[in-house]
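First comes the structure, then the notes that go with it.
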Amino acid sequence: MKQQDIQLDSQGRLRHFLTIEGLKRNILTDILDTAENFSTVGTRNVKKVPLLRGKTIANLFFEPSTRTRTTFELAAKRLSADVLNINISTSSTTKGESLLDMLRNLEAMHCDMFVVRHNASGAAHFFAKHVAPHISVINGGDGSHAHPTQAMLDMFTIRRHKQDFTKLTVAIVGDILHSRVARSQIHALTTLGVPEVRVIGPQTLIPKDAAGLGVHVYHDMKEGIRDADVVIMLRLQRERMQGALLPSANEYYRTYGLSPSKLRLAKPDAIVMHPGPINRGVEIASSVADGPQSVILEQVTNGIAIRMAVMSMVLGRGPEEEAEE
Amino acid sequence: MKQQDIQLDSQGRLRHFLTIEGLKRNILTDILDTAENFSTVGTRNVKKVPLLRGKTIANLFFEPSTRTRTTFELAAKRLSADVLNINISTSSTTKGESLLDMLRNLEAMHCDMFVVRHNASGAAHFFAKHVAPHISVINGGDGSHAHPTQAMLDMFTIRRHKQDFTKLTVAIVGDILHSRVARSQIHALTTLGVPEVRVIGPQTLIPKDAAGLGVHVYHDMKEGIRDADVVIMLRLQRERMQGALLPSANEYYRTYGLSPSKLRLAKPDAIVMHPGPINRGVEIASSVADGPQSVILEQVTNGIAIRMAVMSMVLGRGPEEEAEE
Amino acid sequence: MKQQDIQLDSQGRLRHFLTIEGLKRNILTDILDTAENFSTVGTRNVKKVPLLRGKTIANLFFEPSTRTRTTFELAAKRLSADVLNINISTSSTTKGESLLDMLRNLEAMHCDMFVVRHNASGAAHFFAKHVAPHISVINGGDGSHAHPTQAMLDMFTIRRHKQDFTKLTVAIVGDILHSRVARSQIHALTTLGVPEVRVIGPQTLIPKDAAGLGVHVYHDMKEGIRDADVVIMLRLQRERMQGALLPSANEYYRTYGLSPSKLRLAKPDAIVMHPGPINRGVEIASSVADGPQSVILEQVTNGIAIRMAVMSMVLGRGPEEEAEE
C-alpha cells in the first residue's frame, strides 16, 4: 500500500494523517485511545495542555470551512501550539506562486505541521509527498477523496455508545459517490471490524465499485436501515440537485430523508449521526436531529479530542508525556 | 424584569452582559470597580494576567467592526484566554446552517463565552436564551438595541473625571433614535443616579417615547448643552442623510455639530465624549475632538479595562483571584 | 539626516525601523548579530522565547501579503508577544475613519508596536512621525520606497555565505526603478561596505539617479553579472508588461532572466537570491532557483530571525535579557 508508506515512519508510527485507507486496525485504535485521554481537556477549568508548546501549526484552507478550521484551531491551541491561519484564496497564490513554492516557504519558516483543506482530491498527499522530513501533514478534507479526522471522530462516537465494533450494523445514507466523509468512514468501519456496512442512496449517487469496498448497497432506505445499530446521514449538497442527479429536496426527503418513522426500522437503541452542517427537512427531520437518538453534537465535541490526538501523535508526543514538560 | 433574569445567576451575579436595562446600580458599580483594578494592566510591562487562561472565547461578528472586535480580542488576550475570531458572513452560514445549529456546534466545542455583534436587535438575547448553562454571552452591539460595554466604558470615563454621578448634567447629541449606544448610555446614566440626562437632536431622530426613558428632550442644541458637565456626541450614520431624515452634512454640523462656540455654553470643565469613529466636521469640530476637553481616546483605553472586567465577571473570576493561579 | 533622527532614540538606539537609508553601519551590524542569536530559535523543540511576553503587536496590512505578514506574525509569536492582525481594507476605514484617528485608537489600546505594510511610499514614516513616544513602527514595505527587513535578511544571508562585505561584488537584476527591495538592498550593501554594487536592467526600469546611489548601471546582463559574488534577482511585476515598459515574459527571460548559462558568468561560488515569490521561467530558470547556488529558501528562514531581532531591538530587549524573565 503506497499510501500507508507515506503515512507511517520507519517504525510504523503515524507521521502524516491523510487517509484511513491502508492504515492497520492498531493505528486506528491508538488514535481512539489517545483521543479518550484528551476528551477530558475540554471540560477542565483550564482547557490547555502544554504538549505542543512552541510548535507552529499552519492551517492551509484552500476552501472555506469554518467548522473544520475552528476545531483544528481549537485543538492546536488547547495543545498550546502557535497557529497560523492561512486562507489561500486571498493569499500569495494570487501572485502566481505555485503550491510547491508556497510549501517550501512555509517549511523554511519552520512550521511543524500543515492542516490542509482543498477541493482537489489528493492535495494532502501531494503536500505530504513533498514536505521536509520533520513536517507532518493532516488532511482536513480533500475533494471527494478523504476526510480522515471526521471518520475517526465518528468511530470515537460509535465506540463510546456501542463499545464493540465487531457486532455492529452501520448504515450510511445519502450521496455516497461524492462524499469524502463516506469514503473515509467505510475504510474505518471495515478496518475496525464492523461486519455489516451498508450504503443507501439512489443509483446515481452510489459509486460503481461500492461492492469492492466491502459494503452492501441499498437503494430502498427502509430495507437498508432495518436493524441498524448506527445510522449515518450525509449532508446533501444542494448544488447536486441542479444537475440531473437528484430530484427536488422534498422528494429526496421522502425517499432518503431520515424521518421518525424510517428511524423506527433501525434498532431501538440505534444512534443517529451526521457530519454537519445539517439540512433540516432535507436529509434529516428536525425532530430526529434533535431527538434522543441523535449524537450529532457529541460528534462535534469528539472532533476536538480526535484532532488533538492526531496532532500530538504525528508530532510524536502522547498525553503521557505531559508531565515531562 | 425578564431581561434582568437572563443576565443574572441565581445569586444575582452577572452571567451574561446583554443590556444595561434592568440591571441594578450595584452591578454597574461592580463593573466599574472591577475595571478600575484592570485599568493598570495596559500600562504594565507585561500586559497580561492569567485569569482566563485555558478559557475559549469566540468573537462572533455578524457585522464588521474592527474597533470593537479588536478591543474584545485584546481584552481576552490580556486575560490569557484563547480567542477564536469567527466572521460569520464568510462562514458556514453560507452553507445554510441556522444560527441555532451554529450555536450548538460552538457549545459542543466547549467555548466558554460568545461575544456577539449583530445588526439585528435582540441577537445577543437570542444567543443567551439558548446557550448551555455554563456559557456566557456578551453583547458587542445588536442593531439599534444596546451596546452595553460601550455604555459602561463611557460611565467609567465619566466617573474618572466627575466622580459623583448624582450631581451631573449629561447631554447626548445626535441620532438618538437609531443609536444603540445612546440607549445603553441613558439606562446606565439614570441607573447610576445622574439627575439630568438630556437628549438633543432633530425631531426625526429622537425616539417618540424619549420622555418615558427619564430624559429631557431638546431640539435646540444651544439650549440643551447649557451648563452640561458631560457632552456625548454620537456618530452620524451618513446613510441616514440619503433618506429624508437629515439635511446635508454641512447643515447638520451648523445645527447639531459640536463647535468650539457651542461647547462654551457647557460648563467650563465639561468633558467631551464620542464612541468613535468620529466624522470630523460633521458631528464634531476637529479642534474640539482634539482639544483639552476631549476624552475620546481615554474612552478607547477604558474600553479594554471594561471588557476585561465584564469578561472576568461573567466567568466568575475577579482580579483578586489572580494570585491563586 | 532627518530619517535617521526619527529612527533612533536620544542614545542612538533603534526605536523605529523604517528604512536603511541614513542608518550607520554599527546599527546594521547590531541587527545582524542579534538575528544570529535568534536564528537557532526556529530549530529548537520549543520555538519560543519569552522576550516580548505581554507586548501587543499590531500587523497593519493595507495591502495583502501573506508571506510578509506570516513571517512577522511568526516572529512576534516566537517572541511570545500577542499579535493583532488588522486587514485595513476590510476595517473601519470603510467607515471613513482617517489614518491618524485609527493610529490614535490603536495607541489608546496600548499597542506597543505597529508593523505597517502600505502601497503608498512614506506610509510607515507617517505612522512613526505621529505615534506616541512609547510605540515603535516597523516598515513591512511601503510603495516603491523601502522594505528594510527584507534587505536585512538579505544581508544576513550574504554574511552567512560570504562573511566579509568589503570584498564583494553584488549584482541586482530586474526592475530596479519600482522595487522597494532593491532600494533598501542598495543602501544596506553600500553602508556595510560592499565596494561594487551593480544594478542590471533595461533603461526603462533603472532609476535616473542610480549613479548617485553609488552603484554601477548595466543594461547588458552578461556584462553586469560577470564575476559577481552575489546575484540578486528581483520579482518581475507582471503588470509592468501591460504598459510600454517591458516586452513579453519570454523576451524578458531571454534578456534579463537568470539562466544557467548566464549564471556561469558569475563567480563559481556565487550565491543566487530572490525576495520571492518567484516567477519561474520569467526572471529565473527553475533549475537555477532550485539549484545548488540558490539560497532563496534560506532567505525565508532568515527573515524570521531578522524580524525577531528588529522587533526585540526596537522594544529595547536583546536576547541576552531572556534569562531575566
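Annotations for the structure displayed:
Which chain is which? They are A, B and C, in the order written, and residues in each are numbered from 1.
Going forward, a residue touches a chain if its C-beta (ideal position, glycine included) is under 8 Å from a C-beta of that chain, and two chains touch if they have at least 3 such contacts.
Not measured: the values here are computed from a predicted model.
Taken over every residue number at the interface, the positions common to subunit A and subunit C amount to under half, indicating a different-residue contact. It takes 120 degrees of rotation, in steps of 5, to superpose the Cα atoms of subunit B onto those of subunit C.
Subunit C has its Cα centroid 41 Å from the Cα centroid of subunit A. For subunit B, the set of residues that touch two or more other chains is empty. Listing the residues of subunit A that touch subunit B in their complex gives 42-48, 64-67, 70-71, 73-74, 77-78, 238, 276-280, 297-298, 300-301, 303-304. Here subunit B touches subunit A in the complex through residues 53-56, 82, 84, 86, 90-92, 94-98, 101-102, 104-110, going by the rule given at the top.
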